[in-house]
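First chain written, first letter: the chains are A, B, C and D, and each begins at residue 1.
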Amino acid sequence: MGTKVNLISGRTIVQGRNLDSKMSEEYFDEVARCDLNKADMDKLGVAAEESVKVKTSYGEVVVKAKEDAGTPEGIAFMPMGPWANALVSGDTHGAGMPSYKGIDAEIEKSGDKVLHVKELMQTYMG
Amino acid sequence: MGEVLIKNGVVYDPLNGVKGEKKDICIRDGKVVADVKNPKVIDAEGRVVMPGGVDIHSHIAGGKVNSGRLFRPEDGRKGVEAKTKVCRMQSGYSVPNTFATGYRYARMGYTFVMEAAMPPLAARHTHEELVDIPILDNAALPLLDNNWMTMEYVNSGDMDLLAAYMAWMIKATKGFGVKIVNPGGTEMWGWGKNCSLNDTVPTFDVTPAEIMKGLAEANEKFDMPHSIHVHTNMLGHPGNFEITKETYDLVKDIKPAKDRQVMHTTHTQFHSYGGTNWGDFESKADVIADYINQNDHATIDIGSIILGDTTTMTADGPMEYSLYQLTGRKWTNHDVELETGSGITPFLYSGKSPVNTIQWAIGQELALLVKDPWKLALTTDHPNAGPFIGYPIIISMLMSKKRRDESAEDMHKVIYDRAIYPSIDREYSLYEIAIITRGMAAKALGLHEHGKGHLGVGADGDVAIYDMSPEETDAGKIQKAFLNTKYTIKGGQIVVKDGEVVATPAGKTYFVTPECDDKLTDEMVVKLKDKFDRYYSVTYNNYAVQDAYVPNPYEIKAPWRS
Amino acid sequence: MQTIKLKLKSEVTSGVAKIPVEVDSLTPDKLFGKTEAEIKAVRVWWGNREENTGDLFDVSVDGTASSADDVKLVLDGDLSRVKRIGDGMKAGEIEANGDVDMHCGAMMNGGKITVTGNADCWAGREMHGGELIIDGDAAANLCAMYRGEMTGMTGGKVTVGGNADECVGQYMGGGEIVIKGNARMLAGLNMHGGKIVIEGDAVMPGADMTSGEITVKGTVQDMMPSFKLEGTESIDGAEYKKYSGDLAMTAKKAKGTLYVK
Amino acid sequence: MVEVTDVVCSLCGCVCDDIVVEVEDNKVTKVKRGACSVGKSKLMGHNRIKSPAIRVNGELKDCSYDEAIKKAAEILAASRRPLLYGWSSTVCEADKVGVELAEEIGAVIDNTASVCHGPSVLAIQDVGLPSCTLGEVKNRADLIIYWGANPAEAHANHMKRYSYVSKGFWTEEGKKAKKLVIVDVRATKTSRMADVFLQIEQGKDYLVFSALRAMLYGHEDVVPDEVGGVSKTDLLETAEMMKAAKFGATFFGMGVTHTGARHNNIVNAIQMTRAAHTHTKFSITPMRGHYNVAGINQVCTWETGFPFAIDLTRGYAWYNPGELSATDLLIRQECDAALVIASDPGAHFPGESIKHLAKIPVIQIDPFPNPTTEFADVVFPVAVSGVEAEGNVYRMDNIPIRLRKLIDSEYPEDEEILKRILDEVRAIKEKEGN
């Protein structure tokens, strides 16, 4: 069973360190992930490093779950990057800024593989 | 470069005493020469010919100008013109983009503009924009009065070290001279406060008066082309005329290094206010003009108001805050560590407002009441009192009593009670206009020795040909002629023809190198480096403006006067 | 009465890219007095090239007009990439059949525009007069100001049959806006005059308002915490709480009125 | 081995300029001091794009720079609605050529501000920005507020060099004599250092700003007991701290620009600063991301009159974020070609935008392969500014600093590639008689 969360994305230091090496494993490990509160992890029945599928009205991706005490219950945090951005709304409401934070999302445990950057980008090709 | 011959024009060249004589001007390789052999001939028959205009004080480039552009897209939608085969795109009215700035000045016959306030820490920004302004030769005045180093040396009385610091900063910023803006007050604005001329600035234990006197003394230790350039305390406050007078008195006894003023006070309109509040606000232009008439050590530019919407901007942070509190409009502030600050807010000058009406009158009154035009320059403190493209309006006002009377009728009736304006009959001649728009400015900046502001042999081939007869008395026609030249020639090249920009050569940046004794400099640098190590947010070695920022340099050396 | 029909040719919007056509040169007052041939030759921007109206639209003209008021412009075809319909219009009538792109009725001074579908952002931007009717939804910044300006709509009337997105009537100084459906966040932001009626729900209405009046007939989500409850009032038989604000602008400036159920 | 001092970091908006590195055999071999781990990583270098390339039958095939320039110019000259996007991780000298190219081909030019601090720019256009240089904060500020910003992760040197942890003239004691307020949805490394941590409900920033404004103007009576998940007591305490400060400095990040009311959050943050200014000195500064995003805003502003999202279709500038921002244009499928430089929309744009980008011809200019490279049709490898090329950049507080060149590059600079494309475009247009 999935759980409903409010999804936000943002920078992390490892993501920043790999801004110029986004094709690297370190970037993949850092960015293709989703931070959740322990309560939400338990609710989903996932342990750290297990895969979850995150779905919004705009797309879905599979990423690794990570427990983070600082993230409140009901909030999911993903480092900014291609995986989070597969889920965000492009509607800028006449302001030019997509909603990178505050997206209604649903998370469920998943047995699917986490797509590598190249594979993820392939999903946008024609 | 080829030769140009401007034939049969009626020439006004005040620095050479030429008062409307029919005279040919010959240019070869960008300079005025005695004769030419195979020139391109421009027939100026019956038209007014002047040296290229020189603007002594205008805000055209740098951080606060660009902050003004950035936060006023509503200004940017005015004055829009598409690119042409010759010109880049144009936008903006009170804060035009760099391209429009160059084109519009050139179309008015101006070929040199002084950017009047360069925050030293952001000097690279000023230069980046100056490079991007087409046609105009230019220079910029670094702000040196609220600097901690300056205040500390003034406090300790080390005038030689102050001079060494001043020299180092002018070199480091590729600047032209010393700019002073609300001395002490901008530092106090770091804490949200302000001060007046004789108040003590806490921590540094100096008064604004001492700062200005100290910098004037330091400036005159070198053969600086320009004097200190002053925006004194309490700009825009009712009753500030006393402070303005006191400011002049501070430097009365200092001997200038060259044949020029010891102090230039800018946008003097904003400093000639009487009254005690906005209710009893009145003109004291007569008192200020009298002072200038009776003394020879100070010059002014007027900072005349152009009615309408504009963008005010100055390093005088507290003043901009007061203005924003009056209007409630958008307000940007940018304090610069250890050095200066700035504030920006839009403002509407309305002829219906009694205060704006008196301000409007004062600028012109100053021009009309100062007897010797060699003591004043035409400015609008662009864009503070209005955009520079309003100069032709002011010129037509000064030349026509009739136009002034007609205009006064459209203003608030307070003009008849609390301004001197309606009683003044003087009308400027074209010769006098040539003085206040080029000759005086060039001389006050020391640029006449470098080919600016005149048409004598050896001068730069910068010429404005106005499409008007010297006999013209119709104010409307005068205004039109001064807005768009028949020809503007820059360095011997035609850049404007029939009011249209036809060529856009790059301008040169003039900067001064004050030559200071190495020992003094070394001693000063020890103290300066400590400031960088402990308080600046950039390093000493990354501070000075690199040569790459001034691709078309014109260096003026200013030797130490033992 | 004259009817000018312009139907956008399908090939204009059938490419990989949907490049907008900008029709600010095609208002009833600008087309008044022109022959069909002249209308076909009016230049319009399609991307970075100027084209003849006749090359992008099928054009037909019926009847004659004695003034611009008598000119009715009917726009058909896929209008979802047609921007600036009725931009700066002074007189006459425009009927746009379908969804229209941004800036419909921007800076409008007079006349009437009817949009039978949805209107994209900035419909009625800086509108001074006339009437704009949008049968469907209005996207963000309906009747708002242009960037940096402190005045949005100053006059005229706008009716939206469906919902409206964020910032309805920002910096509104006059005129009237009626939203039959819901309004997303910050309707009446910075409002300093005029009237907005939202028949459905609203989020954070009236922020930073200094004058003017907003009525929300549905429910308010996230009521601004800086409004003062002044009492209750009955409007059209229903009981409303009357708030004044926005006190975040200081008490001196907080002269706006917000009616909430 | 040579030690180079005063090295300027070309990674984030902090633009630290006191870095010391070692260079040996035309390589940066060690970052000795001054850089955070992110900056260090930048200086040490990464995998590079090796050769210019053109996509043929779905595969990038290496080619010469001449061939790539010809191809790029053909794409741009033929385009009816080209988008030129990026510009934040290169120097102003290149940005200027970019504006000229956009003007020449009637393009929309936009920069990464539109997905970063574009909302801040819109807010500044509404109410202005009472701000100061970072050194002012260092020397004077006794109250630091980070709102929706997490410098410990995103601007790792910020607190140390400029704000809470730094020591300056009136702040010799450093953080001991300062107060730190953090406002965030999540508890972070940064929030752990705070004197006051306001953990607000996601998306409710706007309400919280308005409540604080009302308090600063003396109208706490109308504020309800809880606003945006924060108790009135905590808000009152914060308001009192603001009033009591000698110099307050607010920094805000994408936690505010990306969420809820977005640009209007920033308007409200600035309005809060104006309200605080009626009590004491207060400043507010956006935590700009890329090292020169402030610079491309500056260049665009002085050349076109506007900072980003500029349409030069008609030969003059029409500015309108929300209409002309890159993500809007792409989602609306308006563009028929794009040039991407010094940025990575493939990684940072919403999927919906990338879908259109993948359909149209894309020219990429970048030192490093990234997600955008996966669908780029013409690719130019270039020198790394700040390591292999010098030039001017603007720090987050708009202080201009010159990047240093530390080593030679086998690749051309951004500016050179852009100039060559511009020349080639002009040659094509001349041939066509335009």
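A few notes on this one:
The rule is simple: contacts are C-beta pairs under 8 Å (C-beta built on N, C-alpha and C of every residue); 3 or more make two chains touch, one makes a residue touch a chain.
The structure presented is a predicted model; accordingly, all values stated were derived computationally and were not measured.
Here the chain at the heart of the structure, going by C-alpha means, is D. Ranking C-D and B-C by contacting C-beta pairs places C-D first. Spacing of chain C relative to chain D, judged by their CA centroids, is 33 angstrom. Between chain A and chain B, the centres computed from C-alpha atoms are 56 Å apart. Per-chain CA centroids place chain B at a distance of 45 Å from chain C. Remark: chain B and chain D have CA centroids separated by 34 Å (rounded to whole angstrom). Looking at chain A, residues 93-95 sit in touch with two or more other chains. Within chain B, contacts with two or more other chains are made by residues 71-73, 76-77, 330.
Annotation for chain C: residues 121-122, 140-141, 147-148, 166-167 touch two or more other chains. The touching residues of chain C, when paired with chain D in their complex, are 15-20, 45-49, 81, 102, 121-122, 140-141, 147-148, 166-167, 185-186, 189-190, 204, 207-208, 222, 224-229, 246-248, 250-251. Every residue of chain A that touches chain C in the complex is listed here, in rising order: 93-95.
Across the complex, chain C is touched by residues 71-77, 328-330 of chain B. Within the complex formed with chain C, the chain D residues making contact are 79-82, 105-107, 122, 125-126, 204, 206-207, 210-211, 213-214, 217-219, 222-224, 227, 260-261, 264, 267-268, 271, 275, 313-314, 319-323, 332-336, 356, 359-360. Contact residues on chain D toward chain A in their complex (touch as defined above): 11-12, 37-38, 41-42, 46-47, 114-115, 118-119, 122, 150, 152-154, 156, 185-188, 191, 199, 202-203, 254-255, 257-260, 262-263, 289, 309, 321-325, 327-328, 330-331, 344, 346-355, 357-359, 367-371, 374-375.
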